[in-house]
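What follows is a pair of complexes built around chain A, which joins chain B in one and chain C in the other.
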Partner chain A sequence: MMGRDAGRLSLILLFMPFALWIGLLIVLPQLGIGYVSLREKVGINQYEFGFKNYADFISEPIYRNTLLRTAWMSILVTALALIAGFPVAYYIAKIAKTRSRAALFLMCLIPLWVSDLVRAYGWIVLLRETGVISTALVSIGLISQPIEMLYTDMTVIIGLVYTVILFMIVPLVSTLQGMDDALLEAGYNLGGSRFTVFRRIIVPYAMPGIVAGSIITFMLTAGSYLTPVLLGGKNSSWFTEQIYNQFITRYNWEAGATFGVLLLLFTSLVVWLGLLLTGQSLATTVAKD
Partner chain B sequence: MTSILRTLLAGTAVALMAGGAQAETLRLLTWGSYAPDELVQKFEEEYPDIDVEVTFSNNEEMIAKLRATGGTGFDLAQPSHDRIYAAQLEYNIYKPLDLSKIDVDKMTPNLVEGVKANTTIDGEVYSVPHQWGTSGIMANVKEAPDAKGWGDLCSETYKGRTSMRLRRTILLGMGFAMGKNPFELYADPEAYQAMLDEVTDKLIACKDIIKTYWTGGDDLSALMLSGEVVLSETWDSTAYKIYSENKDIVFIPPETGALAWIDTFTIPRGGQADDAAYKWINFVLRPENVTIMSASTGAIAAVPNGIQLLPDDKRAAVEAAFDQADLDNLKFFANIPPGLEDMEGIALERIKAASN
Partner chain C sequence: MYDLSCSGLTKRFGPFTAVSDVSLDIPSGSFFSILGPSGCGKTTLMRMIAGFESPSEGDIKIKGESVVATPPNKRNVKMVFQHLALFPMMSVGENIAYGLRCRGEKRGAIGAKVAGILDRVGLPGTEDKRIDQLSGGQKQRIAIARCMVLEPDVLLLDEPLGALDLKLREHMKIELKLLQNQFETTFLYITHDQSEALVMSDQVAVMNAGRFEQIGSPKELYDAPVSGFVAGFVGDSNCLTGTIATVDGADARVRLDDGGELIGRVADRSGPGDAVEVFLRPEALSLGAGGATTLPGTVDSLLFNGANSRVLVKLATGQMLEVADPAQSGGGAVGDTVTVSFQPERARVFARRGA
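Take a look at the complex of A and B:
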């Protein structure tokens, strides 16, 4: 009897940090944001409840377009991160020697030790009109005029891929490491070409890692703020920037909260659609044991 | 077990109280460069029982932070004079000043009166001036010798070589350049909206001309010093700093008048160190400290000989930029009525989202 109580107590105590974290830092703020988003401002310090903030969002094309643009660019970044990250992950997990594996993994991690801000400035120093790349190209005579590579959507995408690629590589490595080399050998022995082995054996095996990595990178990209703002140019709106503007520049917490809720719902919808289209589910990929 | 716990708790409490008794903390919420280390150290030497903690911010974030906490968390804030009235009315985040504790007689009388007029609510004064400066344009005179006003930022002559900050200042500047007086339209939301619409169209057409929108002083300095941009909207203080590195880059008060702001001292409603705050206010306005402060901020202190007290390089820059006619033509930002910033916000978003 005593033993069972003690067991239950230790379970509760062990569970507590997790419950507090989820409750206080995730659920409660979301509820607060949801509450504020349903508040309509009718005058100074006068509020009513209703869906006016959501109606405003739908009726203003700027906000809709920015959200769609953000989602579209985030999908692009996710795809590019997958294409660039898969070979790296495969090399670390399957080709590299066990001894160099840790060192390679560490090299992928190192950029993460520097803050986003510094990394964005790194790109600025490289890509600006009087920056390293442009100056070098002029001095070796490849181009006659300095060129501006900053302030375009392309720069934003490069910067974002660089920022998030690690979150694609890590789940891929851990999935691929579990793959038995015998599977590949069997594939080749049965007459499969490299492409067939890749398509029929490696990709299906890596699917949990691909799905997990894609979800993480997509969410991180859609919610990023610094990189798009610093590298983006005069035409590059990003949805998080709109949220910042609503909260800070316009003192409009109601609209900002509405945008926050919509961003969460919309990105969740995109993830769900992605799972549906690829025929995957969370249970068979991310939560697979 | 419980006795150990109790001892520990008691020990902690004693330590906390002792800590509290030894040092009072003055939590400043101010602009980047408005609390230079040299001055903070000097202050802490003079008042060993006060610790100064500095948080750097800007007008919008100051209001947002204080609104989020109901005016607590900071003991002294420095919003600009036009951003206090509406924020106080709507969010009640400041408390009235006790003017008897401030050396008001050492400040420039017309600035004190101006700030008082802007920040008096129900007979209570909420702010006194600290430093003032202007917004205008800055040009590299070798490449853009003829720039005179806000409108030149959108001139075909400088295509791809101009910059501006996409905030309310440029809306107002462009309004003046188009022959309006935005400050007089503040009271009439419809007329103001009509002006905003015109300015929005102008600035959308202007996107072809400008290279990029700058977002902060460092960003702007890099654009100007590298020569990537030859003409830009600017704060005068940033222009003065650049002038000390490259004498070709000067601040130009626009022909319609430079837009003048006054950063103030204002005490948040939940401030817990009012006396320390008053000490800081009086301390930084002493002549010997004004020079240290202005060397860091590039702005002019609200004391009668503020320009003379600038460090030499900054004074040279100010004298190169302003003559008496420019000073007489200053347009001080008028109090922003509640709701106006929402209208401006949507205009700014339209400009940012438009592509051509």
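Take a look at the complex of A and C:
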């Protein structure tokens, strides 16, 4: 009996940091946000409960459109990160020699050494009107006068892909590493072309990694703030910027909280749809052992 | 007409020669094995035939046509991989249909062919099963069915029984042989397990350090090995080292390194003064006088293994000999003084390897 009690105690103790983290930093604030979002301000320090904040959101096209735009661009960023990340992950997992694998992996991690903010400024240094690329193009005579490459959707997308691609590569590498090379050889041996082997063997095998990576990058992108604001400027119309504005600029916590809840619900919906479309589930992808 | 023939096949990896000047001809419909220890180059040879490696020199012909320039997915040789390499994300039926679909066959025809081949390997109606629902032996059969449905000229098998447990392996040996008879397709089987090669094959090539030491029927390899390596690798043998003292016709008097003398048959070109190895099969030895050569010793231990039982005899000079004891008579008790005897033609004398 003693042993069993001790086992239970150690389980509780080990579980505690995780429970505290989830409870205090995730569940509790979200409940608070949910609570605030349902509060309507009727006068100074006078509140009623209701769905007026949500109704406001729906009736205001700019909010709606910003959310849709954020979701759409996040999907695009996720797709681009997948297209750019897959060959990199495949190279690291399958083609590179065992010795250089760790080095290559580390090189993918290097950007994380530098803070988000500094990296965004790095892009600004490169892309602004008086920046490196523009100046270089003028000096070699390709363009006649400096061009501004910042503050466009394309810039925001490039910056975001660059920020999140690592989170696509890591799950892909770990999935692809588990693939026996004999599967590919069997694919060729049975008469498959390169394309057939890719489409019918590599992609289905990597699907858990693809889905896990896509969920992570999509969630990170949709919830990112710094990169869209710095690279997109006032035109970026990123949804997190709206949340920031409501909380900080307008001091309208009720609207900000509503937006927060809506962002969470909406991105969850997109992920759920994505899982549905690819026929995967969280248990077979993110939680794959 | 040979289904598969290789001539002067050589493969070098940098300074290392994995396969060196290998030639073989496999007649249609036969079961051909390549037997060798790990690292002897047999897998490289098979990968060259499948097209995953290109030979440094030499030619590979399938049904008389050179395939050296043909990519692996265009060769009509199919391969059963060591760990089978069944596609885990596809069902049994999809695994088998994969090759047919690559070939662009019609859907209706594919379904019928898949059902037909599953019937032939004794697993009818398993199309919708997942690969991880199959047992080891069933996976084996699916891997073969996946290749055979494409009606290959040659089926390559790369130690496919290695991952199975002993009982199942014994069973699958017989089953593979039956499948080969049934399909009448040429099988090229690679293994390091001599019993697999001997039981299943029509012809066996013994490979060592990138070369073929001997090609022959299992019986030839067992009864008339051409080198010390083959004698030692195929079947069980006692090996005694010594030096030839005198040669009389085919027989040689060998002075053993640990003392003692015996008469054996010289199986290669060794002459007086050469360092040699003498190979004695356990079943060539008997306890008690009667042979031309007798060696005194004591029973060290009795190794009971049913019909394969042995008596381990420690010779007066210290060497250990395994003597077959099929009748399980025991040959006395441990510590008994015995005489081991044999006829000279059953003792094969070869030049010492690496000497």
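Note that the second predicted complex is superposed on the first by the 287 of 289 C-alpha atoms of A that agree within 3 Å, B and C clash if a C-alpha of one lies under 4 Å from a C-alpha of the other, contacts with A are read in each partner's own complex, and residues count from 1 in each chain.
As a working rule, a contact is a pair of C-beta atoms (placed from the backbone, for glycine too) under 8 Å apart; a residue touches a chain by one contact, two chains touch by 3 or more.
Treat the numbers as computed from the prediction; the structure is a model and nothing was measured.
> In the superposed model built on chain A, check whether chain B and chain C fit or clash.
Result for chain B and chain C: fit.
> Anyone got the angle at chain A's C-alpha centre between chain B and chain C, nearest 10 degrees?
The C-alpha centres give an angle of about 150 degrees at chain A.
> Pick one for A:S115: touches chain B only (first), chain C only (second), both, or neither.
neither
> Regarding the shared-chain residue A:L190, is it in contact with chain B (first), chain C (second), both, or neither?
Touch status of A:L190: second partner only.
> Going by the contact rule set out at the top, does A:N45 touch chain B (first), chain C (second), both, or neither?
After superposition on chain A, A:N45 lies in contact with chain B alone.
> Should A:T135 be classified as contacting the first partner (chain B), the second (chain C), both, or neither?
A:T135 sits against neither chain B nor chain C.
> A:N252 in the overlay: touching chain B, chain C, both, or neither? Say first, second, both or neither.
first
> With the superposition applied, I'd like the minimum CA-CA separation between chain B and chain C in Å.
Superposition on chain A places chain B and chain C at a least C-alpha distance of 46 Å.
> Quick check: in the complex, which residue numbers of chain A touch chain C?
Its residues touching chain C are 180, 182-183, 185-193, 196, 200-201, 204-205, 207.
> Name, in rising order, each residue of chain B that touches chain A in their complex.
Answer in residue numbers: 60-61, 63-64, 67, 89-90, 167, 207, 210-213, 215, 222, 226-228, 338, 341-342, 345, 348-350, 352-355.
> Would you tell me which residues of chain C are touching chain A in their complex?
Contacts found on chain C: 50-52, 71-74, 77-79, 81-83, 85-90, 98-99, 102-103, 146-147, 150.
> Mind listing the chain A positions that touch chain B in their complex?
44-45, 62, 65-66, 128-130, 148, 150-151, 229-230, 233-235, 237, 242, 245-252
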